[in-house]
């Protein structure tokens, strides 16, 4: 089974046109670590994930396993925020088999692997449907299966469970945790759900609001698994992270005159 | 029988002799192994000759002359002639050619040449008439609409102009032009195939004889080879004299005159010495 | 504050609910409308032809008689078969070359820069200009005609394919790359399928141009073919034959397009 | 200010091809009511919303203000689950002004209204950006502004806050509540967040898992505003709804052999 | 269990990071590549021309001399201006009619069913077939030529626009309808902007066809124009003049296309 790769982000900055989106981002992720990335909407989480995936040229350096990222590659699997990333001309099964086919995995094992991962995300009944015939949440799950079946060394996930009901989400969180533990892959996971971050990850990283977003705080989650939201340490952590992000959101919204004082917590 | 010889011709009743000779196997009769390849017109056939795709080709004088300065062609004999194939058609209101103010012409063709001859003959001031360029099929339409007063062009367009209410004022013979077609070979091929060429001309002479004596029989051959319907061919044959003959002094004069016309139109850059190129005396009749 | 008044506009009818009663009529409607369109066209033609000489625009009945005549002696059938063969060969070759060419040009900057001047130059040059050269180089046989049709097809397919490549959702390119697809695999597994609708449109338009070109191509030394029929008839001013040829071209084109559309809808459904 | 319309859904069913997605749906929504729709991923929530919006022919009847729905109309505003629904060739401002422009609102008031609603969703700083230049959450907020500025009688929202961080979400929930109260519009709100449903709505409707999805339970939320998650009544409600949906999810996932017994709660 | 081996394929190079050193070279590259393409083409031409008679393919230098000659006496300039005017008028009219036609046909089933037989019939009929009729109805002046170019343009623009209408994201149609847009407003505010990339491609391809048609159209009573120049030169077998005309057509087309592309990129950026 593939072990994870380390990811080092060194003084990374990124501008699109005149918009300086991120600047001076420094973050070292150990091989096999599970890191959650949180931050106000529009701060640059997806952009940072894209940079690690190799989709975007950046100032500074991003090293994966010590080697600079020169472009996208199958060692870093990406679950995109938008479910448009599925191939609409392929069924769910074919979408999931896509990566395996590229690597020349034979038809039999490919079929088995695809079915296993499609079941894992609860889509067995829709395995022969096209993406256009799926609901938003189902598409997102198909995307997750498509990436995980490849067993990449680094899994980059952009709000993968955002469109799921609480129960399906819980089940998938459990599955992801299991896969992570058994493969030892590195996971960078963007979410808006602070509880989700605390329950899953080794470290929770928060970002400041853009422009010129950078890393605000890094919280280690040194609690034993499975974690209990009712645990006071958990609750304290939750409160800290919430306040960190809250401060950023408030700063942005107040700058726009949206929050009058009485609304601010 | 010797090596196969290909003759390029246009798909037109003026090439009747070739179709008759092919259809009635007269070439074989005279010991020549000939295939007749038809092109849209004589020009394309002559192009094929220049490109060495055929061994012989038949086309009109101007078509030859514009190519002579760039290719070693050897016209062997006249295989058709007509004093009436080109006609001047004018609208009903135009009683005589000197009343024409707007001529329709097919630029660069004999149509333009004979129009020039007409103006010279009638003393029409070139500055006072307008030349309207057109493709042949559009000339009757322009005449019917009144966009032009008349045009001097080959069949079947004059006949169509008459059907559109025009009338014929002159034929090319009236302005001193006899339309001819020449059969030519490339200099290289001719050097080693003089005998075959002679035999071919003999076969064509026999075909011309048949055409002259029995037009319907000839028209059958034309239809067999080109699908041109019999009445169409018969109509065209009325205007032509199927002959095979050697070049005459008159031919030389006409050729030189056309050469000058083309020179004046910048179609050729230098005069061609027709006397040297025409193979006078090759066809012994 | 702003003054926004809420007007209760009647809801726009997007896909009207079919009443159970009208359903049978509805099924026949497309057919009826087409019939009306065609009959209307014929009536208009007849009326217009009555205002001008049959030399320029023969009447419906004259054309019909000429068509019967040409069908009677087999000319029309032979012409249709000969021209169809040339069109299919030239157009097929054009599409087969144009699609990969368009994909490579659309995807690789260098290929585009290298070939763009040629494409953007030659596509403005009418095939008629190359008729003589084609005959000289390829002979008066089928090859020169097919080459001319190829020439006219390839640019259109290429151009449309390039447009398709540039419209590919970049998210899907990214997804493929990080699932392990190399450049060539991205071409065949993402760009090619995404571009299908553009290629089909290109091929359909190019089919039109093949028909225009077959007439120019058959100006040279074709015994059979609709183009040859039209040229010969034109030279002898048998306008009703010209019209038979024209109508045969139009109907043949309509038929080819229909077949192409149905075939692509069947075979390429998932890509459309 | 526009008052809401009532929405009556009577024996509604919907099939796409051979797939019978919903069947026998019955629901009466009062004018001015705030109804939340919950259910397992892929059960048919978006489909039901589309049917009310008039995008889809259905068996049975949907009446808005007593009149059968014959197609989409500006009386029913829709916030789509996918942010592709924005017009990519218009800036955020132009997207938001779109509906007003159609109604012939003059340039001045239009501008004011657009700016007010764009500020409301915290996008003032990005008002002149194109959708392609926005993050996922920002796009979703732009869509919300575009619908609310029209002040429709019925607002149909499909996971509108799904891609937002907790704080931005909280602010927008507050704004939505304020708009709802001041305009008296009817709101049908799809969400996966049970707390959000309880905090905002008059009634929480849950659906069964498809195919042939129908309404499982309807819970009245008869608690005073603002609601407190710590309130035992609230917590009991939360537990009931969670268990209702949970039962459906479990049923589906077990059918696929995904959940072994020990995983099921 | 399945045996999936993780191979550490070297990452595909998507947008290669430019080194600071190579940046200046890189800026000049597109230009260099184009120059290479053009020079390569000229060399090839010269080589090929040496294998055949100048009657069919004149050499580069002969053609250059002829071009100087035709420029010297002003013929070429007049021809370019005359043909450009006709092309722009006919093409512009074709695009102006084709775009709304395509939008209505793409959007409304009934309109499509009514007009489809015409479009799908006439687009396969070469404009040359209508030269005579155009002259009869519209006279030998500019109008008949412009009409023929219009004829050849309108189908292509229409067809591409229809394809564009059918590719509009249905989500956006729904959004517009529930924001209060009626059928016509949906046409102008959603379908029209969404279809722009297809219309531009259609217009570009149609520009090519305008160039092909101007040559056919100028066979009739055109004193000036590149088509007239080519026809006359063809009759005279002045192949080097034909080539000057052809090259002028190609370059003019390239220029028009470039202007069209830059203009659409500037003016329609947000829709592309």
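Annotations for the structure displayed:
To keep things simple, chains are lettered A, B, C, D and E as they appear, and every chain counts its residues starting from 1.
By definition in this document, a residue touches a chain if its C-beta (ideal position, glycine included) is under 8 Å from a C-beta of that chain, and two chains touch if they have at least 3 such contacts.
Bear in mind the structure is a predicted one, so any value in this text is a computation, not a measurement.
Least step count on the touch graph, chain B to chain C: 1. Set against one another, B-E and A-C show the most C-beta pairs in contact at B-E.
With centres set at the average Cα position, the gap from chain A to chain D is 25 Å.
Put simply, the C-alpha centre of chain A and that of chain E have 46 angstrom between them. Annotation: 47 Å between the Cα-based centres of chain A and chain C. In terms of their C-alpha centroids, the spacing between chain A and chain B amounts to 83 Å. Chain B has residues 47, 51, 137, 141, 144 in contact with two or more other chains. Annotation for chain E: residues touching 2 or more other chains are 9, 12, 14, 52, 56, 132, 136, 177, 180-181.
Listed for chain D are residues 54-55, 71-74, 82, 84, 103, 150, each touching two or more other chains.
Residue ranges of chain C in contact with chain E, taken from their complex: 9, 12, 14, 29-30, 33-34, 36-38, 41, 52, 56-57, 109-110, 113-118, 120-129, 132-133, 136-137, 152, 155-156, 159-160, 163, 167, 173, 177, 180-183, 186, 197-198, 201, 204-205, 207-209, 211-212, 215-216, 230, 242, 245-246, 249-254, 257-258.
Contact residues on chain A toward chain D in their complex (touch as defined above): 16, 19, 38-46, 81-84, 119-120, 122, 124-126, 133-138, 141, 159, 162-169, 171, 174, 192-194, 242, 245-246, 249-250, 252-253, 255-259, 263. Partner chain A is touched in their complex by these residues of chain C: 169, 171-172, 174-181, 185, 189-190, 193-194, 270-271. Considering their complex, residues 50, 53-55, 71-74, 76-78, 80, 82, 84-87, 89-90, 98-99, 102-103, 130, 146-147, 150 of chain D touch chain E. Listing the residues of chain B that touch chain E in their complex gives 43, 47, 50-51, 63, 66-67, 70-71, 106-109, 132-135, 137-138, 141-142, 144-145, 147, 262, 265-268.
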